[in-house]
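Order as written gives the chain letters A, B, C, D and E; numbering starts at 1 within each chain.
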Amino acid sequence: MSSDTKTAASYEEGLQGASDKVAEFQEQKTALKRLQQWLHMTPSAVPMIVLVAAVITFGLLSPNFFKAVTLSTILQQIAIVGILGCAQSLVVLTAGIDLSVGAIAVFSSVLMGQFTFRYGIPAPLAIALGLTAGAAMGFANGWLVARIKLPPFIVTLGTWQIILAANYIYSANETIRSSEIAQHAPALQFWGYSIQPFGVKILYAVFLMVALVAALAYVLRHTAWGRHVYAVGDDPEAAELAGVRTRRVLIQVYTLAGLFCAVAGWVMIGRFGSVSPSASTGQLGNIQSITAVVIGGISLFGGRGSIVGMFFGALIVGVFEMGLKMVGTDPQWTFFLIGLLIILAVAVDQWIRKASA
Amino acid sequence: MTQEPLLKAHGLVKRYGRVTALDQCDFDLMPGEILAVIGDNGAGKSSLIKALSGAIQPDDGQITLEGRPVRFASPLDARSHGIECVYQTLAMSPALSIADNMFMGRELRKPGIMGKWFRKLDRPAMEKFAREKLTELGLMTIQNINQTIETLSGGQRQGVAVARAAAFGSKVVILDEPTAALGVKESRRVLELIRDVRSRGIPIILISHNMPHVFEVADRIHIHRLGRRLCVIKPDDYSMSDAVAFMTGAKVPEEAATAA
Amino acid sequence: DSACLITKTDTNPFFVKMKEGAQAKAAELGIELKSYAGRIDGDHESQVSAIEACIADGAKGILITASDTKAIVDSVQAARDAGLLVIALDTPLDPIDAADATFATDNFKAGELIGQWAKATMGDGAESAKIAMLDLGISQPSVDVLRDQGFLQGFGIELGDPAKWGDETDPRIVGHEVTSGNEEGGLKAMETLLAKDPDINLVYTINEPAAAGAYEALKAVGRENDVLIVSVDGGCPGVQNVKEGAIGATSQQYPLDMAARGIEAVAAFAKDGTKPAPTEGKDFVDTGVQLVTDKPAEGVESIDSAKGGELCWG
Amino acid sequence: MSSDTKTAASYEEGLQGASDKVAEFQEQKTALKRLQQWLHMTPSAVPMIVLVAAVITFGLLSPNFFKAVTLSTILQQIAIVGILGCAQSLVVLTAGIDLSVGAIAVFSSVLMGQFTFRYGIPAPLAIALGLTAGAAMGFANGWLVARIKLPPFIVTLGTWQIILAANYIYSANETIRSSEIAQHAPALQFWGYSIQPFGVKILYAVFLMVALVAALAYVLRHTAWGRHVYAVGDDPEAAELAGVRTRRVLIQVYTLAGLFCAVAGWVMIGRFGSVSPSASTGQLGNIQSITAVVIGGISLFGGRGSIVGMFFGALIVGVFEMGLKMVGTDPQWTFFLIGLLIILAVAVDQWIRKASA
Amino acid sequence: MTQEPLLKAHGLVKRYGRVTALDQCDFDLMPGEILAVIGDNGAGKSSLIKALSGAIQPDDGQITLEGRPVRFASPLDARSHGIECVYQTLAMSPALSIADNMFMGRELRKPGIMGKWFRKLDRPAMEKFAREKLTELGLMTIQNINQTIETLSGGQRQGVAVARAAAFGSKVVILDEPTAALGVKESRRVLELIRDVRSRGIPIILISHNMPHVFEVADRIHIHRLGRRLCVIKPDDYSMSDAVAFMTGAKVPEEAATAA
């Protein structure tokens, strides 16, 4: 009955002696092509180029720009956005978005301050509690996203409002003044201290930001967990089928993001001296960090991009803002030009990538 | 038949809205066998193996593995029981590299402090392993092991997925149309690989529309029709025409076959 | 009876205290107070919805600090047509008789006082001053413009269009930056202006939180002692900063007082329909503004920080 | 040589007489199951249910809530967000996002006002020019997204800033008074007029919003263009391969969105009487419209959802805000609760969908 | 050979970063013929037909249609020249219905005012047509014509894509592995459909890894290897083994074949 079983494969005789040769093609070797290829392989270099171009342009336009003070000021101005950007990058890599980053940062800083001054808790403990609270808020986001399967945008839109409102209600809009903190709880201002090599002031906060970026870059590239974050953002269903605990990864990502925001909150105290519930970061931190992330080349659809790119993105925005303000006069025009330059920066990025494809 | 089935399902039901993909479906896999599952498009073959591998949760019915009832909450769950599956959609992360995809969820870490404390991945080892497995499958046309999945041709992707399952399956390997997009040479390698895996004592479930392949390698053939098992036949007892006739409803199998 | 309090925002301590003052008074008089606020400075749309909610809810009167003094007029008219008493607090409407009454501080005057004080304090240095202007926001809400222009007028700088800041040509102005009226904004704006010109020696700030931020930036470059900071508001932390020398002078306003008097007026109106009468010689009830400084200057009336601390609002 | 050619197909003999029967399965007929199925087929019904529940709750909590006046007030309060939501829905359906909607609306209204009063252009012409300007701004967004292939988030983040700044600069922050407009250019206030059947005031603006929603719903469901919008959002590559001019569709969508925003700007003049460049819609319109869109069940990943859902989303937010105001919660508590309710509304939606799957 | 090729390509080159998918590739399609394209996985078959159908723009080389040089900027462009293509990835919108997908880009409008002025789609007509075409292919297991594509089984999706191309192609129909995921019955229908289309005078390019199918229907076979055309053979002159040997590099064709 099985007369036809073997015949079908008969034509496969042709396979005998099949070549296993791999195609070899001539490679392009001109310098330009090599540069293009390198850019293609190292996407985070693209924002770097935009950055360098921006720095040079502003240096030519404004004589004060190239002073070490200016550059160190830019670094300290982006410290907070940079740390929030780390949190945002993690979330965006999983194809999510976190609108609550700024709110978590501000509320955490308020909690640290109020714990110390309202309840008399020692500052280091208050800081620990504040960090825990930030992580808990992040966890809530993650739980809603991963377990209840709500869209991240809406979850964090909700928690943004909730946390910000809680922040005002809890603090009764009271600012804790810088001189009081310096006197009674200097630990809160730790990240505001600085070293001054060659007379250039560099805040501890700047070192912290750089360290966080480096650590995250390592984790994302060189550990299994980092790969899972990318996989979840790339195609969550495929990741799940391939054996990634997507929900756990998501919850971890949001919790870690919350923790980073709380760290940013602590840094805010150091940088601003005081603890203020109405800090603009609460309202604008999300947009600023998302801008850094997107200019840095991380895809809002998840799974693509690098944290180092985000760092350059934050720097680009910082340089543009400072440069424009130094060159220009009217804040309204500055605002206008920053809008233009955001678009331009990304357009240049896109153009370079296309050229190298 | 004296042996107990290794993997067994009884009365599986799965509904998608108004569509019923599995309708009181039964299933048995014997130890060490190659079981082919054949059926029309949309008969519910993929749904069946998704239920067996934890990718979907059936609305009703029981699954037993080695005689013990199991419930797989996720593919990872099934995998920890030694069931490895190549899905029809392949389940790969397009932006990640071949090695990353092959080791997803079971990455190798560097030995020593770097691995233990800093949890650093052992990329060279992973890449070496991935390259070996692909070479076994004859996928030499992959020019660069660090290519991302999205830059591979359809057939190359499938080859990577098959290599992954074959390399890691410990109790059951399930392949949903593994050769659909593969060339003649590559298909042949997959069939050889299937035999290899069986010779390691691991049973295989093979879904395929390629009758010659099925009749060549299968020990038993599960014929699926309209969401349920119609019958199970031995390739030696029936011709391909019979099998095709059964699965398309042109002929109705005798009682004997159904019991096989 | 119920009354509504509609403030510009409810994140600025000024308005928070205003609300507390109103609540205390309302509780005392047995009036139910519902409070609303815009979401950001200049948000008159939320204020329109709030007025509509008050009308729908059958309130007796509305106390409002208008975000846009012209744009809100129609809605206020609708409320008055519906039989509510509408009192403008802090900021007069435009035209001023659009409201039944106005209990306000003169923000232009507040700016003028610190301008005059700064000029007098700097003496001859005023001619070569380098001034940083830390304003509120780029949408230039009316308080922002009034305080800024008042300060410049008081300092003796020629204004361009008095309805707009930023169009002055006097070289003494290093630049205008916006702060959102908080410490963070004040700090960043100050840092930026310092990068632009490190020799700034006079800083105008829209409010005391912005001033505190500017002070931190100056402290960071070691210039906190040779730069004069002036501000407006007179909140307790601000007065404290005057006492400690961080802020040179601030114009103190009295939001608690305004709110309390507003509530009393609504209570009176609810009882027998009487409407409050304006201050003698003005078309509004002036709740006053005083300069708080520990370094009084010739020709500018002021109180010291101890007195200011007694009068401060939170 | 071709001895093996025909044998391969021999097993296909089995096909003779193959059945063409389609599987038939018993259908569930319980009332609950039917409801679930209906919900599943009619996703826009889900927000409707949330809405009805909210209305009933507030009706019980506040005696004044159920008055016709209150309900008509809510409708007029959401008119602008509803129209912006139409614009936003179109963009979101193509997997984009438009942060500039509010800015376009405000700037268009300012242009209409200034054209009339600064240059003395007759009001109807000024309106036409304003609408054209809005469409042009939308076109710029679309061009950058479709041609230069920049991410919509970053494009509209940039244009948001640019347009808002241009708005302040051009208008010199000047508000045009209601009484002046009423006297010299009543056409600008057209949508603020109302009819009063049974003493309940209903603004023309409300009718306009309903008409726009209905028209868009028709276009999206029943025309080829509408299907193309969905296809572009669903999988742009597939759509392109299948023969949709994706770039053209994208540009059209953004241009139309810009036009709708300009219409919203015109409606703003009617509703507020005056023309104010600092209207908060410029800052908050984007978040408000996105909230409506997402609560209405439109996926931010594109291709899924209906405009009617967006309408209910806007209504839900309107009812919550009004209800909470009438119950007398403090503004910060209102924000807090709205945040909570946003999450809850979407969670309920998700839960119903899951139950019926 | 006296006839001019209908569709002709010369020296096509396509590079993806460091990978060269097409390396000076030539191609000819004669009027009214079924031309099969076979080759290993990753040989560049899909890249070739993508270049021919406007889905990618080659870096170099010319394409001529009916003797006139053409450049297709987009698939729509190629389609307006009568070239219809089923891509390996199928190019369907997952959230839209079967009928929507079949008519994407060429929807039918209602007659009369509704269609002309309100541009209303004629859904009943579109659904009827879609159902007919699917029935021709024997895809009766699709239970509901309004199902969205994402709810179809892999084979069902492929069937829909093939039905679309066959229904609308006017000059050339290109099928990239149309039967990869199809069952025995459905594959047979596709082959019949291909013959049908040819009998309407329309030439077909068929990419397939299924040698029996290829040898059954093809008039000529284009053998692709390492990014270029190795040779073109007639199925009557060579056996399947030969073809397999050529495409895998086991044998080298004589000069004569290359010229065919």
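One rule holds for everything that comes next: contacts are C-beta pairs under 8 Å (C-beta built on N, C-alpha and C of every residue); 3 or more make two chains touch, one makes a residue touch a chain.
As the structure is a prediction and not an experimental result, all values here were calculated from the model.
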Chains adjacent to chain B and to chain C under the stated definition are A, D
Of all chains present, which has the mean Cα position farthest from that of chain B?
C
Of all other chains, the one whose Cα centre sits farthest from chain A:
E
Return the distance between the CA-based centres of chain C and chain E, expressed in whole Å.
72
If you average the CA atoms of chain A and of chain C, how many Å lie between those two points?
37
Quick one: report the Å distance separating chain B from chain E, using the average Cα coordinate of each chain.
29
In chain C, the residues touching two or more other chains are 10, 40, 138
By the touch rule stated above, which residues of chain D touch at least two different other chains?
4, 8, 10-12, 14-15, 18, 21, 23, 164-165, 168, 332
Residues of chain B touching 2+ other chains?
16-19, 89, 141, 143, 184-185, 211-212, 239-242, 244, 248
Touching pairs of chains, all of them, please.
A-B, A-C, A-D, A-E, B-D, B-E, C-D, D-E
Once bound in the complex, which stretches of chain C touch chain A?
10-13, 16, 40, 135, 138, 166, 175-178, 180-185, 187-188, 191-192, 194-198, 209, 212-213, 215-216, 219-221, 237, 240-241, 244, 246, 314
In the complex with chain E, residue positions of chain B that touch it
16-19, 39-43, 46, 88-89, 139, 141-144, 147, 151-156, 159, 177, 180-187, 209-211, 244, 247-248
For chain A, which residues count as touching chain B in their complex?
1-6, 8-9, 11-12, 14-15, 18, 20-23, 218, 222-225, 227-228, 230-231, 234-235, 237-245, 303-304
Help me check something: in the complex, which residues belonging to chain D touch chain C?
62, 64, 67, 69-70, 73, 76-77, 164-165, 168, 172-179, 271-284, 321-322, 325-326, 328, 330-332
Quick one: which bits of chain B touch chain A in the complex? Just the residue numbers, please.
55, 74-76, 79, 85, 87, 89-96, 100-101, 104-107, 109, 118-121, 123, 138, 140-141, 143, 184-185, 188, 211-212, 215-216, 235-242
